[in-house]
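Worksheet: the structure to be examined is printed underneath.
Just so it is clear, A, B and C label the chains in written order, and each chain counts residues from 1 on its own.
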Amino acid sequence: MSEAVTSAASAAPVLVARDIRKVFGALVALDGAEVSVAKGEIVGLIGPNGSGKSTLLHVISGRTPATGGTVTLGGRDVTRAKPSDRIRAGLSIKFQLARVYLDQTVADNLLLAIQSQAPLVSLMLSRSRAAAASTIDELLEGFHLTHARSQLARELSHGEQQWLEIAMAMALKPTVLLLDEPTAGMSREERLATGERIRAARERCGVLIVEHDLDFIRGLCDRISVLHQGKIIASGTPAQIEADPRVQEVYLTRV
Amino acid sequence: MSPETVRIIFDTLSVASILVLLVLGMAVIVGMMRIFNLCQGEFVMLGAVVAYLASVWLGSSLLGIILAPIFVGLFGSVLERLVIRRFYGSPAGALLATFALGFVIREVVRALMTQQGAPVPAPLPGNFEFMGANLPVWRLVIMIVTITVVALAYFGLARSAIGLRVRATLDNRELAEATGISTSRMYAGTYAVGAGLAGFAGAMIVPGRILYPDLGIDNLIPMFIAVMTGGLGTIEGPLLGAFALGVPSGLMPALINPVFAQVVVIVGAIVFMRFRPAGLVSR
Amino acid sequence: MRLSLRSRFDGRSGGRNLALLVGVLAVAPLVLAVLGLDYYTIVLTQALILGILALSGDLAWGSTGIFTLGQAVFFGIGAYAVGELAKHLGVTDVLAASVIGLGVGAFAGVLVGLFLFVGSRVGELYVGLVTLALAFAAERFATGWDVIGAYNGVPGIPGPTLGPLVLEYGPTTYYTIFALFVLVLYGAYQLNKSQFGLVMRAVRDDGERAEFLGYRRTTVQIVVFSITSALAGMAGGLYALSSGFVSPSFLGVTLSTQVLLWVVLGGRGTLVGPLLGLGLVYVLGGRIAEFQPQLWPVILGLILLGTILYLPGGLIGRRVVPLRKRVAVTTAAAPTGGGDRV
């Protein structure tokens, strides 16, 4: 684990969000929050309910415009870029509430992710459908969804829908992967399997995970940042974070 | 001022006030309830039907003007109970359903009407002289009534305690239910008011003109554009939109070909809506 | 805010139904001739042309969720373009008319599409109202502009030809139009089935999600809108030739809402459904209207209302679930998806 930290720290970050502010009317959801992720690094983001974790991911992904601050992806300033351009620049996100295409089959959901950057004309001619089949097989295999290949996503269990969405996020071959509560509603075994997939993904990208389950995040993350009332109040290795009295005060005691 | 100028100003205000009167009911249903009510034009037409029947059976279209909001309002509350109610939360479904309702109403009236169009006599026929211009009395009545009704609606719906309750209900259904307001009755009532106002408008504008089945749908799109231009969520927005649309519609025919005048106004409104989707007045 | 009225064919199946329909249409003139109902071949010819319009409405709304209530605008533009060219320059070739219709329809579609979809996003219902208003304005405009005949439109358009052949009314014209219709139908079917078809449905079901997969929603919408406008223009061009006149109503609200009616009745996103809807309203309804001119429109309206209330997937939609329940499912699935404004 410690080598990972040093190697990650030495690499240039693929994602930097600096001094992010977000206000909703009178509510300050983010108040100068910042986070950075390097290639090969898994960063955890924790904090009490309503502390602004999802909002931070939304600002990074372009779902919500920031009130202030900058977001850079691979050195490029994307603060004003549209979501689709951020995705094309290497970002990928799994939302807190699974948002898959319920009326499409599982395989088609994955195909949608795999083919998303192909030119429209080649999509009209279905040029990459055959080539995508093997990628779909691999993803289905990796997420234990092979049996559900031609079922509608609507027919999947809640945990399976989460998996499908994580698989879609990974199918984009991102350089930065944002996961908002990827294991919510999963059984212990399912969590372990999810952890495996995330570890496998780190080889190609940096990962930012929002989680409530500390056991899950402890073994997985190189670094953890703690968000409280829109500010990062602590950042460090899992051990450092658990030992930090401020963190215990705002977060650990409440769980 | 030459009589010609007086006439143009009078016509402009007359067109604008008719549009405002027509939009009033829509301001309630589309503006406040946010139901894209495509049968709103038919409510107007039904109001005109009531005025016509009153003039034939009771010998007074004036009586029809009083009866129209009652009948059309009741009719609206029946439709709300039978159909509209199913589509709260599905605006597109509501749009389709009201389109179908309007279609049925229109065709029923068409099937029942024995002639193509029926003239409705004006309760106060004749003209009056003003600064040398000869102007129809009934149009002046429409203007005065419009101003009165707008004022009543504004204070009755936008400012009164009942109005506040209605708006609270429409804004947040769960919260309203939690505070003990009967939301379903509130919805039905509001819809009926919107329908009744449209019926009233229909009965007001038809005297001196011809009643025909497409009377409503022919006015529907200008009404909708007025509401969208004005902005949803308030009573005053749509009325302002109607005025903003009505004035150029009334004025331009004096300057350019009337057909193009309407096209110019509509296209202008579409462009405006595109760049300011919230409308003139937004909350 | 997205439409939850849809059926399950979704371009995944329905190929067999389409083949069956094409088969029936292929022999229809023969059957009609045997029955001594030759006149209906002409009615069917017009229906095939309107079928292209129905398909365009279905691709836009049914498959992609672009709630267009102005398909007639592009139909009318195609009709006027071909009508004027046929009358003044003698361009009566059906293939030339198709190309001209496609061209002017696509051109107008790109312009309107850019206006509707580029820049700040507007909601689905806004698209509906704007396109409806556009149809209203277009009809008024054509009614007032004497260069294109004002009230009278373009009467006396010479009949269709194919190369050196003058197409007689009846089976000759029918089969020529039939060939074009099948071509369009096949293209639409393939488009729905293609990878792009999947993207269309993704944009329809949850456009914001599609953007977070990297799709450029605006581009997809403009492309689809342009394709469907082109098809509507083609239908208009053919209609002008085959009916011999163009009138301002070709551009208007009534025809636009007819397209909506066919699609709602038949079933969105199914291709075959809207064609059946058209058949019901135009062919069968037209026949009934001949001896029940007053009752039929009322019945049609009631059928439409009943469909919306009880068969939200349309006549051929398999899923017979009341709209209310479908809505609940959709909102539960995407509670954070309320990004669209009206």
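In this text, contacts are C-beta pairs under 8 Å (C-beta built on N, C-alpha and C of every residue); 3 or more make two chains touch, one makes a residue touch a chain.
Keep in mind that what you see is a predicted model, and the values were worked out from it rather than measured.
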Best-connected chain pair, where connection means C-beta pairs in contact: B-C
Centrality ranking, top chain (CA atoms only): C
Distance from chain C to chain B - Cα centre to Cα centre, in angstrom: 31
Chain centre separation (chain A, chain B; CA means) in Å: 51
Distance from chain C to chain A - Cα centre to Cα centre, in angstrom: 42
Parts of chain B lying in touch with chain C, wherever the complex brings them together: 34, 36, 83, 86-87, 89-93, 95-97, 99-101, 103-104, 106-108, 110-111, 217, 221, 224-225, 228, 232, 257-260, 262-263, 266-267, 269-270, 273-274, 277
Residues of chain C touching chain A in the complex: 6, 8, 10, 191, 193-196, 198-199, 201-202, 205-206, 208-217, 219-220, 223, 329, 333-337, 339
Residue ranges of chain A touching chain C (in the complex, touch as defined): 61, 63, 82-84, 87-88, 93, 95-97, 99, 101-104, 108, 111-113, 115-118, 120, 123-129, 154, 168, 172
Residues of chain C that touch chain B when the two form their complex: 1-5, 67, 115-116, 120, 122-126, 128-130, 132-134, 136-137, 140-141, 143-145, 253, 257, 260, 264, 294-295, 297-298, 300-302, 304-305, 308-309, 312, 322-324, 327, 331, 341-342
